Every structure is written in C-alpha cells, then in structure tokens.
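Okay, so chain A shows up in both of these, paired with chain B first and chain C after.
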Partner chain A sequence: MTTFINTVFINNPLEQFEIKEFFYMGGPLLGAKFSLTNIGLYLIIVTILVLGMSYLSLNNNKVVPSRWSIVQESLFGSILNMIKSTIGGKGEAYLPFLYTIFLYVLLSNLIGLVPYSFTPSSHFVFGIGFSVAILIGVTILGFQTHALKFFGLFVPAGTPLGLVPVLVMIETISYLARALSLGLRLTANMIGGHVLLKIFSTFTWKAVIGGPILLLISIIPFAFIIAFTGLEIAIAFIQAYVFTMLTASYLNDAINLH
Partner chain B sequence: MLQSAKIIGAGLATIGLAGAGVGIGTVFAALVNSTARNPSIKAQLFSYTILGFALTEAIGLFALMMAFLLLYS
Partner chain C sequence: MALRLLTKSASVARPALAAQRSTASVAIRHMATSAEEKQVSPESKAQSIIDSLPGNSLITKTGYVTALAGAATYLISKEIYVFNEESLVLLAFAATFGGIVKNAREPFNAWADEHINKIRTILQKARVDHKAAVEDRIDQVGQMKDVVDVTKALYALSKETAKLEAEAFELKQKTAMTAEVKSVLDSWVRYETSVREREQSKLAAYMIEKIKADLADPKLQSQILVESINQVEKIANKA
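Right, the complex of A and B next:
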C-alpha cells in the first residue's frame, strides 16, 4: 500500500505540463524529425471536436434545428453581438475568424479539465503563438486599409506637439506588448488554475492518509476542490471570451483607427 | 543557501497579489455601484466588468509567473 501511495503521489505541481513524446519518425531521407507529442495529440483532438461539433450542428441541412444547431446558433449570435458592439458593421467580415478562435481556445481550455488529461493552452507556444500571429495579421490589415495613415494610431488626438515623441514611443511599446500580453494572460490563467487544483489535491491527500480525525476534516478541502473545479470551468469560458474580445478590439484599432 | 534565497524570493513575489486583489475589488465595487444607480444597463456593464476582471487578474498572474521563474529555474 505504501509503495502504491509513493508512486501515485505527485511531488511537483508542474509535472502535469510536461511534454512527452509518443513516437517519432525521421531519418536521412526526410531530413527532419516528425514526432507526435501529447500536446500535438491534444491539439488534434481539439480540432476534431471543433469540426465534429460544426458537422453535427449542420443537422443534414434540415430547416428544423436540432439541439446541436441551437447551441451553435446561440454561440454564433453572441459572438456576432460582441463584434457589432466592438467593431461595428465593417467587422462582420471577421466573424468566422473570431468564432473559430473562440471555439478553439474554449475547447482547448475545457479539455484540460478532464481528469488525467493534458491542457494544450497551458503552454506558451499555444498562447503566444496565437497572439503574435494575430498581431502580425492585424498590423498588415491596418497598413492595407489605411496605408501610412495607420501611424495615426500611435498619436492620440489632441496631443501637444512637445509630447508627441514621448507618446509615440510609449504607444509603440504598448502596441507591441499586446503580442505578449494577450497570450500570456490565457496561458498564465490556465497554469495558475491547474497548479492550484494540484496543490489543493496534494494537501487533501495528505490529510486523507494522515489518520481518522484528519480523514473527517479532509471533507472541507475536498469541498474546496469541487468549488475550484467549478471556478476553473467558469475561467475557461471567461478567458476564451476575453481572448476573442481583445482580438476584436485590436481588429477595431486596425479597421477604424480609434 | 541559493535554494533558501529562491524560496524567499518566490514568497516576496506574492506581495504583488495585494495590488491585484485591490484591483478586482475595485472592478466589482464599480459594478455594484453602477448597477444600483442604473439597473437597466446591467447586462452591458457585466461584459465590461468581465473584461476588466480578466485584465486585472492577468496582472496578478504575472506575479505568479515570477514566483515560478524564481522557484524552478
């Protein structure tokens, strides 16, 4: 029994984020090494889930919607409302982009809450990869629509001439910091939540094996774990929503220039 | 010696959470205040509040990231 406890026991709360390699292929012919890791596997699962959800909600092109279609339509409607309130009429062209981002981030947050699974969004390569790509795309879009007038974004209206050089520097830095902060927010939230759950469950496990009195007391931290799991589900939704909303507001800067 | 310095540094990094706590409190206090003044725009205010909450919480999580960097690097 003691050996079982010692092997199951997880000492490091960051151990759950370790990337493991399942198999790889490569050699002199291919030149590079292609490997399937657990983050790759989970990203594939999330992609299949997104595609499967969309396929199920088509409901064989029937006019009467099924339950899947109603879920999909209400999600679609709320994202469309968000775009209308942040960007306006011009932003409706970006609805498929923002909708895909919302669904992908949401499902990769939620899949990590399945016990013994891996969270793809708890890696910086996920969040910062997304946000850097979004910032590059938004900048290209801004230059395409406004040409050199896009630099007007870095000078707030009504600035005295003496303050312009300082403000341009500050605004440029804050514009470029978006690439980091957007992804860092999502990733840090996911890491923080999962580490919190792991530390709490370690604490509870120590109380459970401690003795009969501690076993009774351990009901209290156990209730906390359940409450935190509920909070984590809420945070998964909130972070996906915030990620989409901030992407929409960056698009708004590029399309409408403040 | 280095190990204990790391642990002390990670503990000091959590002081930053005081600011995040004050910030989240301010965000929700503003929501309660403005809902009491004008209950008809509650839904619109709530979405702004969630955005403000997430932005404030992220600042607190930067302190967490610093603590991890100090502990595990």
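Right, the complex of A and C next:
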C-alpha cells in the first residue's frame, strides 16, 4: 500500500518554495521577530557570492586580466552597452546600480538550479520587493531631475485635450503596474521552471522505481529533465538580463522623459 | 541492478533481437568513434582510469575506492542520503553542467587566452615604445651635456656685449652732443658775421652819406679849399 501511494501520489511541487525558519534570536521586538530562514540564508549566500565574484575580478590589481576577470569584464561591458543603447550617455552614472542588480538577480536565479538548494528569486517578496523599490527610486529620481515636468510622462505627445484625463489615468495605472509586472515576470518564470522540473523529476522517479520496463522508459523523461535544466540555465540569464534592461528602460523614462 | 536484470532477461527472451541490437550498437559506436579513439587499446584505457584515481600505488587507490564505496553504502543504508526525485535533478544538473563545462571550456579558454595575450601584447608594445621615447629624450638631453659651460660663456659674452653697447651708446651721445654744440656755434658765428656785415655796411653807408652831406656844406667846402690852397702854397714855397 505504501509503495502504491508512493507510486501514484506525488508531493506538492510548490513545497520547495516553502519558507522555513532555521532559528531566531531573542523574542519579538516591536512586533517583529528576528529569525534566519532559508530565503534569508540564500540571500546572504548570494550577497557573499556577488562580493566574492567582484573581489576575485580585481585580480590583485594586476593590469593583465585573468580568465576570471575577463568573464566579469565581459558582463560589465554587456551591461554598459545595454545602458548606452537604452539610456544614452547620461545613464552611465547608473552602471554600478544596474550591474549589481544584474549580478544579484542572476546569481539568485542560478543558485536555485543547484540541487537541494533554494531559489530566492522564486518568491514574490524578492521580485516585487525589488521592483517596488526600483519604481520608488526611479520616481524620486524623475521628480528630482524634472520637478513637476515629470508629470509630462503621463501625457503622451500630441494627445487631444479631451483625451488627456483618460490617458493620464491609463498612463498612471500603467506606470504603477510596472512595480508589479517587473517582479512578477521574474518570479513567475522562476516558479514555472522549478515546478516543471519538480513535476518531471517526480514522475520520472516514479517510473524509475516502478519496475524494469518503466526504468528503461524513464530514460526519455530523464533526457527531458536534462534539456529543461539547460533551458533553466538559459532562462536564469535571460530573466536577469530582462530585469536589468527594463530597469534601465524605467530609468530612461525618468531621465529623458520618453 | 534493475537495468542489468532487464537487459539480461530481455536478451534471454529474445536472443535474435539482442544480437541485432548488439550489432547495431557496435555499428553506431564504430561510426561515432574517431580514428584516434580507435587506436586506444583497452589496456591503456583501463590504466588511464586507474591513474585518474587518487593515491600513489595500487593499494592506496584500492583503499580510496573501497572507503568511498563503504561510505556511500553507509550513507544510503542509514538513510543519511535518500535516493529520490531530487537525485534525478542532481544527475541532470551534473550532466548539464558537465556538458556545458566540457564543451565550453576549450573555446572559452582559447578566447580568454587570446584576449589576455592581446592585452599583454599591447602593454608590452606600449612599454617598448615608452622605453624608446625615454631613450630618445635621454639622447636629446645628452647632446646638451655642456650646456652649463656654454651658458656661462654666453652669459659672459652677453655681459661684455652689454658693456660695449653701453660704451657705444655713451660715445654716440657724446658725438651727438658735440655735433649739436658745433652746429649751434656755427650758427652763432654765421649770425655774428651777418650782423657785423650788416653793421659795417650800415656804417659805410652812413659815412658816405655823412661825407656827402658834409661836402655839400659850403663852409666845409671853403675850408677844404683854403686848406688845399695852403698846402699848395706850402709845396710851392718848398719848391
């Protein structure tokens, strides 16, 4: 019976995203509890990795680069080119910000692909937290740069006067929706990929332990798992790039007002 | 184990199929293997696998393998490591990651080394150019090694020139002064001469006028006549 249950039923594929508390320090302070969870631990690991990668890329301040620093320089150059094409010369001031975002999101995505690990970027608190913070920062930047002219962003050029109230409403909603869409896109992609891998691996495992014939057949879904893993690695890069590019695009709106 | 059982039972049940599959797999392997791989003998391949194991001698290598197998058996039997679906993900990840590393390592290394060499060449060229520029500059500066003596001589020369110029200027001033004085004196002489001439001519004219006026006076005429007669008489008396 146990074998039957194990064979037929599978665990919830969303279980892997559960936030688990490892330990907490002290009692609640002002209604908040200071604890270390799995997402907290992995975010710390990602931070250490980002800092470590950047430190290693210094290459002991040698002029001739190492293989490792060339990788970092290439990533740096790609982000710089993207900023130049999206924002222009003014955007180079935001290169450290965008490069850090790219590296952080990329490593958050990639660390989740390591088996038995946890994906911090598959949580809405990660993606939407980032995107809301970015939108607030970009809005402050827009007001700081253009003062009240920033509201011109909500009125497209050449709009008839009668349509202005409607369009302002639509543009405002569209602008505010960026706070959700940016993070949602990243998180949904990460969740989708990991759930797919989990479902495939679970069913394949059931086939592996289901007898000799099924074991032989399980080679096919296992090949799919390998393919999906490759695809997930590509998606991790693409989503980090898309996240950074959209952030650059929002910065462009705030700096150049369309 | 299950896979081995499956292949064994299948080959027993259908020997013809197994033979066909074996032939086919051999053929595929034959097509897939390159000429280099064909030359590798099973003994050398086995030796290379043994060499890749950690340890110096065959005994230590065997010990490592045994210890590893024992540890794995212990971990699995005590359920410290549990085989489940995550193990498949681990295998898939290892296969994908291994594939990426295996296929991308060589091209990446080649590209990175080329880039590093390019930068190194540029830096070395810049160093050589800089060295040449510094040597040129040293040569240029070396040509002016006697510059202190030359400068001293030039300074002395310029000092002497200045002194001579000052003397020449002084003499020139004196000459100019003398010429000025001479011209003033000449003009004064010319003026005095002209004044004297004018006065003499005036005096002569006055004297002539005076004499003419006196001669016109009858008294003087009679007096002159008397005197003339007296003188004639005296001469006559002497004679």
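Here is the rule we go by: the second predicted complex is superposed on the first by the 242 of 258 C-alpha atoms of A that agree within 3 Å, B and C clash if a C-alpha of one lies under 4 Å from a C-alpha of the other, contacts with A are read in each partner's own complex, and residues count from 1 in each chain.
Here, a contact is a pair of C-beta atoms (placed from the backbone, for glycine too) under 8 Å apart; a residue touches a chain by one contact, two chains touch by 3 or more.
Remember, it's a predicted structure, so these values are computed and weren't measured experimentally.
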Simultaneous placement of chain C and chain B on chain A, clash or fit: fit
First (chain B), second (chain C), both or neither touched by A:184: first
Contacts of A:129 with chain B and chain C, given as first, second, both or neither: neither
First (chain B), second (chain C), both or neither touched by A:210: neither
Partner chain in contact with A:238 - chain B first, chain C second, else both or neither: first
Touched partner set for A:52, first chain B, second chain C, both or neither: neither
Comparing the two partners chain B and chain C, which touches a greater set of residues in chain A: C
Partner chain in contact with A:70 - chain B first, chain C second, else both or neither: second
Chain B versus chain C as contact partner of A:156, first or second or both or neither: neither
Smallest separation in angstrom, by C-alpha atoms, between chain B and chain C in the superposition: 20
Touching residues (chain side chain A, partner chain C) in the complex: 63-67, 70-71, 113-116, 197-198, 201-202, 204-205, 208, 211-213, 215-216, 222, 225-226, 228-230, 233
Chain B contact footprint on chain A (complex, rising order): 14, 82, 181, 184-185, 188-189, 191-192, 238-239, 241-242, 245-246
Interface residues, chain B side, partner chain A - complex: 47, 50-51, 53-55, 57-58, 61-62, 64-65, 68, 72
Residues of chain C touching chain A in the complex: 2-3, 5-6, 9, 84-93, 95-96, 99-100, 108-109, 112-113, 115-116, 119-120, 123
